[in-house]
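These notes concern the structure reproduced below.
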Amino acid sequence: MTFEVEVNGKTRTVAIELVAGAEGRYRVAVDGKEHMVDAREVDQSTLSLILLDAGGASYDVEIVESGVAGELLVRTHDGLLRAVVDGRRRRRSADAAGGAEGEQRVVAPMPGKIVRVLVVAGDEVKARQGLVVVEAMKMESEITSPKAGKVKEVAVTEGQSVEAGRVLAVVE
Amino acid sequence: MTFEVEVNGKTRTVAIELVAGAEGRYRVAVDGKEHMVDAREVDQSTLSLILLDAGGASYDVEIVESGVAGELLVRTHDGLLRAVVDGRRRRRSADAAGGAEGEQRVVAPMPGKIVRVLVVAGDEVKARQGLVVVEAMKMESEITSPKAGKVKEVAVTEGQSVEAGRVLAVVE
Amino acid sequence: MKILVANRGEIAVRVMRACRDMGIATVAVYSDCDRTAPFVRYADEAVALGGNAPGESYLRIDKVLDAAKRTKATAIHPGYGFLAENSQFARACRDARLKFVGPSPEVMDLLGGKTAAREVAIKAGAPVVPGTDGPVAEHLSDADVLAIGSKIGYPLMVKAVAGGGGKGMRVVAGPEALINAVRTARSEARTSFGDAAVFFERRLLRPRHVEIQVLGDEHGTVLPFVERECSIQRRHQKVIEETPSVVVSPELREKIAGAAAAVTRRAGYTNAGTVEFLLDEDGQFYFLEVNTRLQVEHPVTEMVTGLDLVQWQIRIAQGERLTLDPSRLLTPHGHAIECRVYAEDPEQKFMPAPGLIRHLRSPAGPGIRDDSGVAAGFEVPIFYDSLISKVIAWGEDRQQAIARMSRALSEYEIGGLKTTIPFFQWILHDPDFLAARMDTTLLDRVLADREGQPFQEVSIASEEAAVIGAALHTFLQGRRTPSESGGGRGAATSTWKRAARLDALRS
Amino acid sequence: MKILVANRGEIAVRVMRACRDMGIATVAVYSDCDRTAPFVRYADEAVALGGNAPGESYLRIDKVLDAAKRTKATAIHPGYGFLAENSQFARACRDARLKFVGPSPEVMDLLGGKTAAREVAIKAGAPVVPGTDGPVAEHLSDADVLAIGSKIGYPLMVKAVAGGGGKGMRVVAGPEALINAVRTARSEARTSFGDAAVFFERRLLRPRHVEIQVLGDEHGTVLPFVERECSIQRRHQKVIEETPSVVVSPELREKIAGAAAAVTRRAGYTNAGTVEFLLDEDGQFYFLEVNTRLQVEHPVTEMVTGLDLVQWQIRIAQGERLTLDPSRLLTPHGHAIECRVYAEDPEQKFMPAPGLIRHLRSPAGPGIRDDSGVAAGFEVPIFYDSLISKVIAWGEDRQQAIARMSRALSEYEIGGLKTTIPFFQWILHDPDFLAARMDTTLLDRVLADREGQPFQEVSIASEEAAVIGAALHTFLQGRRTPSESGGGRGAATSTWKRAARLDALRS
């Protein structure tokens, strides 16, 4: 079975094949590079991997859903990575990235409360100019415009609570 | 909804009723004694209970299956109890208890390995005389006869591995 | 004695642990979103305050006192933050015949306001930073405010009189930024502390933040402790604390501790408190303020002195005398460091990262203490501080403490939300940090320099393991029958929620 | 340096933590049933030994050395148990140019056998318990054996020469029980250590078990530590250890430590070891044996001296000199206690209780260290020792250490199997234990007296909460759709197992 796995901006093709007669044994090819892997599910969030070909390198891999659809958070010994399997790309990254061309939807990066709205529809804004201030965990974060342009729409009001990913404003 | 709950040898009748409009709120009657309970599932094994009628007494109750069919292990702050709900009595307790009348099946109290068989079918044995020796975790445990009588059957052989609850011998 | 803990999170658990160690019953009070938080489950009794925002829950004096009355609590421990430095609350406790575990409201009034505390310090002979003698009046014209600024000199700090934790605080480089800084500081101060008053203080260039823990009993004894070094700050918020400071000699320690004791003695201080100082490169130190409460970073002091500060707070509140050998408190045994694990995404400018903790495994083993306020299945709320845990490492020396901290952080598994752990793993290997070349501006400067660079360096091998893990995870998920995936990974609470939703529908 | 840890469970994790603190790479070796054990996941590399029973896995010198060769390990840490005191293994490591982290095989031969060690002790001037000068020959007639017994006098102890941990040990009250005791002790010794040799020793009536940790470097320095009190034993197996002993004065400490140092110096001891003594009510002490390895209870010594004994083992193996101040090692800072959490059912005569850990939450907070070898989702195997975790509590004094231990045990949630925690909660409140009136016979006597009584006293309120919890649990389970219950509580590994079974069917 083959999967496309995107981690750190790179997409790799991973082919997985069961090895007959050995519990938890898989032949895994990452972009054609073969590994013999002993993989066991330790608990609901943890896979223990031993790469048998690489002198038995042991990896404890914690995998949970990130909350963004289709995205996994994968933690190994030395860091936390986002992984998207089979191109189920998260919408937020598609929004946040992609340069400052065309109409831009500005979304809430975390759940919180709108404490100030700094612009109204029709305002001309500079790149990085503040649009709204979101408060969460006693911290106020100014959400800024990704580009110079005109505010097409302000989609929230002061005092409103928002979920992560909620559109706050549109700049065109 | 009503349940029969057996804990510490006593069976109580517990009636549970949802309280409308309040999240996690239940009216619980234990043998007719009413409690207003705020109950939340914290994780897969843990219920947090607050007994609202009793000054807000807070109990963290860990509940897992004991491995014996129908039996739950319930841990509170000051101890671990076995609970059987709705009379799904465990077979082992029925075997082990119940005095020394009639034919007795002697079962393995834990998984392990039979290291010695001390009797053969037909032997006369005294109460508490050793029948087999089971080894687990580097400890040898002598499994004894619950009564004086005759060994009707020895169901295991030396070197054999047994699961908990496996019949080892029958004494009549 | 029965103690109501008027707080939440890790500090509520911390206080309750001390109570349990002493055989004292505990009462938790909680907001709606904290219903399943560990401190609620740890308490002997728990009373709902209702609401979520601090102003509806943990800051409601009336509700807290009502909970105390209902549960027949005899004392209240305020933790830090929320009502801990609110003298009105301390007074209301006294009026309700509840022992407040902290200093008297009079002392809080005297030392809690930064400008009044400054006066006490001057009278006690402690050196202070040049600044305004009191709050800058709100009705002054911009021109008047600018005149005051010029008199103090730039750079200067605008600080909330009632402040703490970097809230309501602004650094002003020159007159052009002053008026705006005063406005935003006042606004933040009003939101955070309900008091908009601010004052100005000269900003030292590269000072260290050094502070002295004190304990005072109710019989006139005040004892100072070995210093804590808290110079690693991000936007005036401490992120790493340690003790002792490598730049403080035993002689200098005597002097700073002496000044701290003099200030608090003069104020008639009782219970636990901390006197904060700035320390210049030339060894000059300046009184900054007094925190009239237990501090977040108190565990490092506990690790090197062996004293349980919360137990001592309670013993003092019970009227006990401080019978400790003063020299012991000034003689650290080894070295201790604390990292504050925040639910923030260091890779996104430390943006708050509340959310559901889907998996949790805490570090342990030699030299490690984890004071956590969360558990698997708990949803870290958006309403409060983002601190979820404090990892404290002890070592024979600083190097061992750092090595153990780094190991402990590598063991910490917090699944489901972003934390500052990758940031700590980076700073713990920073050459300036390792050499203890630090001042309160270090971290902000370094962070500005490396803007955009990720903190973690995942090795190629680890990245490959992550790729393999993600693919195998998906492979195994796919092999499950549809009925199984419902109860699969990270879905610890989903079944519950579904049941709850059903309830809601029926009712 | 790269260290292969030739052990499993908590001690393998403990050693690897020290390695990670020191930046040293680690290799785990594991049996089939230990595949998902925490120590395998913690290691940088892991090599399967195959098999389960110790004789097929952890005792296979050839397999362990092969794993070291394959992973290019440069040193081997043996932990305790298994091959730790096997001089053949130490010799095989030397032949394979692997540094064995422990004493030389020659020292192990000299001190590992209890009868040879006794001779060294006599020569070093340490007092010894009267007993046979060597093993009791296997070919002797019962009459000859009985004659030896009479010469020593009753009660006497039959002990395995290669023994440890109470295995192969029998107390014999009179001649009528001697022959049977020798037979069963030999059988157990053969099974446990591969050596059936036993010897006899006079049994002191109510001795305390007191032991001295030593460290020796490879340059001739041997340093002794403050004593550990290990008198709380069940059938010669330690269950609680503490330091210091309340009955050992600084003067007595000097004497016992001096004797321990003399014995080990005479043997040319290197690395970590422990010299065990019996201590009479009148303060007389007798050499018992030397354990030529790290001990289970080493953490209590670490807690009161601040030294990391495993790090020192490694540093000594690297050729470092012991530059420690000897007086520091004999001056305890506070008090430390360890409880060994075994997977045993105390209510069923401490019957082994292996099984799947369905839920785990470890204690934490001030003064608590948890050295655990298990995790949620791990199935504690039937093949090895039942130790799953060690809880260590530190306090300023014994009372605080005990209170914290009791609190920590109340926090410990190990779901799915029985442990000795309820037993500890009982003994920690026993008046004799609290007063430290203890000897090695105390626990067995008290246990015999209370036969059948449950250890835990669950309050009526708690019992009611348990009843309500069990009913609500069943109520909520019933409200789930059938598809949900499959992935419900405690079923963490079931989906995996199902997938594995499917694989097996296909292949």
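We just call them A, B, C and D in the order they show up, numbering each chain from 1.
Assume a contact is a pair of C-beta atoms (placed from the backbone, for glycine too) under 8 Å apart; a residue touches a chain by one contact, two chains touch by 3 or more.
Remember, predicted model here, so these are calculated numbers, not experimental data.
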item	value
Of all other chains, the one whose Cα centre sits farthest from subunit C	B
Length of the line joining the C-alpha centres of subunit A and subunit C, rounded to whole Å	30
Subunit C and subunit D: spacing of chain centres that average the CA atoms, whole Å	39
Subunit A and subunit B: spacing of chain centres that average the CA atoms, whole Å	46
Residues of subunit B whose C-beta touches two or more other chains	41, 43-44, 46, 57
Where subunit D touches two or more other chains at once, by residue number	375, 410, 476, 488, 492, 495-496
Contact graph of the chains (line, ring, star, complete, other)	other
Every chain pair in contact, whichever chains are involved	A-C, A-D, B-C, B-D, C-D
Footprint of subunit B on subunit D - complex, ascending	167, 188, 192, 343-344, 348-349, 351-356, 358-359, 382-386, 410, 413, 415-416, 418, 422, 425, 456-459, 461-476, 478, 488-490, 492
Residues on subunit C engaged by subunit D in the complex (per definition of touch)	13-14, 17-18, 20-23, 299, 302, 306-308, 310, 333-334, 361-362, 364-372, 375, 394, 396, 400, 403-404, 407, 410, 476, 479-480, 482-488, 491, 495-496, 498-499, 502
Subunit C contact footprint on subunit B (complex, rising order)	18-21, 23-24, 38, 40-44, 46, 48, 50, 55-58, 60
List of subunit C residues in touch with subunit B within their complex	27-28, 35-36, 40-48, 70-72, 375-378, 492-493, 495-496, 500, 503-504, 506-507
Residues of subunit B that touch subunit D when the two form their complex	1, 3, 5, 7-8, 12, 14, 16, 26, 28, 30, 35, 37, 39, 41, 43-47, 49, 51, 54, 57, 59, 61-65, 67, 72-81, 83, 85-86, 109-113, 136-141
